[in-house]
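Look for subunit A in each of the two complexes below; its partner is subunit B in the first and subunit C in the second.
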Partner chain A sequence: MTITLYDFELSGNCYKLRLLMNILNVPYAIHPVDFFPGREHKADWFLRLNPFGQLPVLKDDDLVLSDSGAILAYLAKKYDTSGQWFPDDPAVTAEILRWHAVADDISATSSAARLALGYSYPFDIEKSQKGAHRIFRILDEHLWFGEKAGRDWLCAPAHPTTADIACFPYVMLSEEGGISRQDYPALRRWTDRVRRIPGFMVMSGIFPAGPAKT
Partner chain B sequence: MPKAPDPITRDLWHVVAATDELKIGLIETTLLLDRRLAMTRGLDGEPVVWFATDEENGDDIDADSVLDRLPVKTAYGYTWTCLGTPSAELFPIPEFAEADRVNMSCGSIGIHVSAPRAVENFLDMGHFPYVHTDILGSEPHTEVKEYDVEVSEERDEVLATKCKFMQPRAAKSATQAMEVEYVYRVPHPFCSVLYKSCPEDESRRDVIGIFLQPMTEETCRAHLLQSMIDSTSTITDLRRFQQTIFGQDKPILENQYPKKLPLDPRAETPIRADKSAIAYRRWLSQKGITYGVIPQAS
Partner chain C sequence: MPLSLSDPTWYPIASSEDLPFRHVYHGQLLGRELAVWRADDGNVNAWENRCLHRGVRLSIGINEGQELKCQYHGWRYANRSAGCTYIPAHPADAPARRIENRKYPVREAFGLVWSAANDDQRFAPFPGAEGHDWFALRPVPVNATPEDVLAGLSRLAPDDQSVEFIPGRAVTLGSARFFVQPVDAARSVIRGILPEKPADEIATLRYYNEQLTKLRDSLERAAAKKPAPEPLQPVFEKVSVELSTMPDIAVPRGNTFPVVVKRKWQSADGVIGFELADRDGKHLPTFQPGAHIDVHLPNGLVRQYSLTNGPGDLMRYTIGVKAESASKGGSKVLVETVREGDVLAISEPRNNFPLRRDATRTVLIAAGIGITPLLSMARFLDKSSLNYELHYFARASQTMAFSSELDVLHGRVDRHIGFTREAIKAKVAEVLGPYQFANHVYICGPGAMLEMVQATAAALGWPDDAVHFEYFQNDKVIDASSAFDVELARSALTLHVPAGRTILQTMREAGLTVPSSCEQGACGTCLTGVIEGEVDHQDVYLNKTEKASNTCMMTCVSRAKSGRLVLDI
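Let's turn to the complex of A and B:
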């Protein structure tokens, strides 16, 4: 197998895949795409890979895939020998896909605010920020009740799944969109747990967790 | 209401866009010194800049129809304008014209901090091992060795020389760790240019510029220039390298408090404010810059 990730360093959606492949120890090559300022994801050659003109795209031999959530599921099903990152159990599968959809909503709000403030995209900043806060409030509550019930991750299993990977990047990058996480303590504790997963790697703009509190 | 910028700042040339990234016949809006500007390029490719009224980003426009224009200068791949009476010249970067250099913009990135804070961070080598770990620095090589700083009277710029730092990956073209020598220039209150040893050719230096567009007193856009000696990397590769570094600086910069740069030498304990930062702050003070700074109490 030869995996190539069409990748932009500052993209949280691309980072999701780098992160999971690093955790799973899957070797891959990077094909850098000049998303900004070059807008290469709208170039003809790229549109032939993904007509939607969006990063990331992953090629595994001749198979071309797009959408970070779909690719996370693919990588886990194909390369995770532990079977933990995307378990077969129907109820857990549904739970994970539910959070993959939330991850898209986090992109549409937190990432949109970041693109508007940092990369001059013409998005509605205030609306994006409000939308992100609404999701973070629900996430924080879900994680807070989880902690009370002894659940550390977004889904029911006692270990992280691709749901955690999918939601993590644009939660962590929210401050670049002017969205503070100060009022979401359980959400912050979860980001620390994600950053302590063996094989965790950073992207530009996300720093490692501090030393664990004992 | 934002206060009017000081006269020095008002009369400066300010960067507003990478010229090639302005689309011919389309409007892009931006903010400079609290004023909303509209920009486009004419059929001749030349940028046109004016005070925006009800123009929106992405509107169509015929550049010829814009009569009330602001002064424009193009230099180093960027478009510069002025809200007051500009001086004739922009600072020189002679290397930019060398035929074998790869010159490129690396994106214009908005940051929630004042322009002078961003300049000061650019001058500071102390953060390399902690913020740009395994690229521009690594522990235990954390010490910033003694270097020279002067204010060149003739060129009216801050100049730091003989700055040396051990770098795991000094540039895209680097294949091994090396001790890199830097020269930093601050030839403009909101712009800095650095020269660093080039991994590919010992006799030459890579040039990296950071040009800050002061949008408000507490926000700016960083326009990054690379002028490299690199015969193998693609523009995409070179941009990616620089953006990776800048993406690491961004959260650090945005966490600085206060967002304006305090010019009073007693205002901040000089852990970060090292020699070049002190010289830079003093130079801004002497010039009478008050925009984006907390001026020294007199």
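Let's turn to the complex of A and C:
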């Protein structure tokens, strides 16, 4: 197998795949795509790989895949020997896909605010920020009651799944979009737990959490 | 009532369960952001949310257990004191003592963590607080003024029940108490508590969460219809240039403070342990690994003892005293006459033996009572999960001090017992091995041991700056041939120091009382500020930078290069 990730270093969606592949210890090559300022993801050669003109794209031998959530599921089902990152159980699968959809909503709000503030995208900043706060409130409540019930992760299993990987980056990068996480203490504690997953790696703007108490 | 930056009221700023170990909570009170963290010893710290260095938020920093590490340049601050303990860009130096972060008063009680903008008011429990095991509800942040939120809470009361306002922006509704945390002019958090854990915990939490969420939504709808008040504008103290550039110039001492002997015990054969604590139960000043204190003894002598404490451990200083080293009667007085409950005067900690935390390999070599500073170093490295190995040489196992403290370390601790001098040398050579980049060795023990390790390390290619030790004596030949005048600025006296006499002797002959101890330029007791003139440093106490600063000197051995010195005495 030869995996190539079409990657932009500062993209949270690309980072999701780097993160999972690092955790699963899957070797991959990086093909850098100049998303900003070069807009290379709208170049002809890239549109042939993904007509939607969106990063990331992952090539596994001849198979070409796009959409970070879909690729997370593919990588977990194909390369995760533990079976924990995308379990077969129908209820858990539905739960994970539900949070993959939330992850897309977080991208549409938190990431949009970041693109507007840091990359001059013509998005409505205030609307994007409000949308992110609306999602973070629900996430915080879900995680707060999860802690009360002894659940550390977004989904029911006693271990992280691709749902946690999918939602994590644009939560962590929200400050770059002017979205404070001060009002979401349970969400902040969950980001500590994600950052302590063995094999965790950082990206620009996402810092390590330091070891847990032993 | 409008919000005031100087409001001295204690408000809840978090739930106890918001502060798990190794987490940094991001809080805010009256416009001021807070980094709130629980140390491994359970203590809760509430600090201004910015690193003194570059102003980065400490809430994104790393809680290392007993120190908080800034995410940006790795400055570390101690539990309780908020004093800076390590600056990675200056790995070989001890940070100046006065680098200390801004702290806010903090208390943990009734399931909540409380803080105040200043120290003007003592913490007092709310009416009816005592006698219950309070249970915290899910806090609900609201984007509305604290005043409106309080009014909204009072409307939650059923018509047949009266609403009781309690001091500190709080209401009683049935058995529950609801506090409004004034985050900022237009932001609040509702913090509710119940007098005990309900039978069906989750259902009760869900019920209150739903009620408060509905209240939040209606309050925020109302707030959106009127102009929001301007956010509070807290004034932050500026960080001085000296602070941000870290001077390592010695501050002349002489200042002592009293401590009480909390505990005195036999740590090993011939080694007595002492725990020294503040008389009022407050924390002691910040120290770094390798630091020592001066202990002023009842018989007038001053002796130096290394601290054995780990990071952020400031409720007591623990020292080890060798019972038989009765030179000049110093340790003898401590061992024989000082008892638990006695009060001693000590100096603030000073560090001539700083520990680098950027080594790829750290070797700690202790012999006998020399274990004390190295135990402290091992504890710091342990908490930061850094690699180290501690080699402890002793004549017999029963003479090994602080054994139980060494047992709980996670790193490699090798005890070498009853070795001959030759065997010790061979073991040291084996332990050190040929020098490799970024290796550092720290040695503490008798003079012969220091020399042997230095020579062995040098033979294996270890450079001087990788071999660290603390001088307990000055082996340099002192040149006392100069003659000069000293002007004592605060005593309004000018004295002539002839060749063959020291400044210290000359001052004493003139009737001045000047503290001293070793009188060979090793201990630091006679450290004196220099106002004018060029100093001829001959001590081993001050480091190169301190000597070059020409602002302080040791009057027991150092002299003048100029014809006249003006001293701050």
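Everything that follows uses one rule, which is that the second predicted complex is superposed on the first by the 210 of 214 C-alpha atoms of A that agree within 3 Å, B and C clash if a C-alpha of one lies under 4 Å from a C-alpha of the other, contacts with A are read in each partner's own complex, and residues count from 1 in each chain.
The rule we apply is simple: contacts are C-beta pairs under 8 Å (C-beta built on N, C-alpha and C of every residue); 3 or more make two chains touch, one makes a residue touch a chain.
Small disclaimer: the values here were computed from a predicted structure and weren't measured.
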item: Touching partner for A:189 - first (subunit B), second (subunit C), both, neither; value: second
item: Subunit B versus subunit C as contact partner of A:178, first or second or both or neither; value: first
item: Contacts of A:145 with subunit B and subunit C, given as first, second, both or neither; value: second
item: Contacts of A:199 with subunit B and subunit C, given as first, second, both or neither; value: neither
item: First (subunit B), second (subunit C), both or neither touched by A:207; value: both
item: First (subunit B), second (subunit C), both or neither touched by A:83; value: neither
item: Touching both subunit B and subunit C, residues of subunit A; value: 207
item: Subunit A residues touching subunit B - in the complex, by the definition given at the top; value: 8-10, 32-34, 36-38, 40, 117-120, 122, 175-176, 178, 203-205, 207
item: Subunit A contact footprint on subunit C (complex, rising order); value: 14, 17-18, 20-23, 25-28, 33, 40, 60, 62-65, 69, 71, 138-139, 141, 189, 201-202, 205-206, 209, 385, 410
item: Contact footprint of subunit C on subunit A as seen in their complex; value: 141, 144-145, 147-149, 181-183, 185, 188-189, 192, 207-214
item: Subunit A-touching residues of subunit B, taken from the complex the two chains share; value: 18, 21, 28, 30, 57-58, 105-112, 221, 234-237, 239-240, 243-248, 250-251, 254
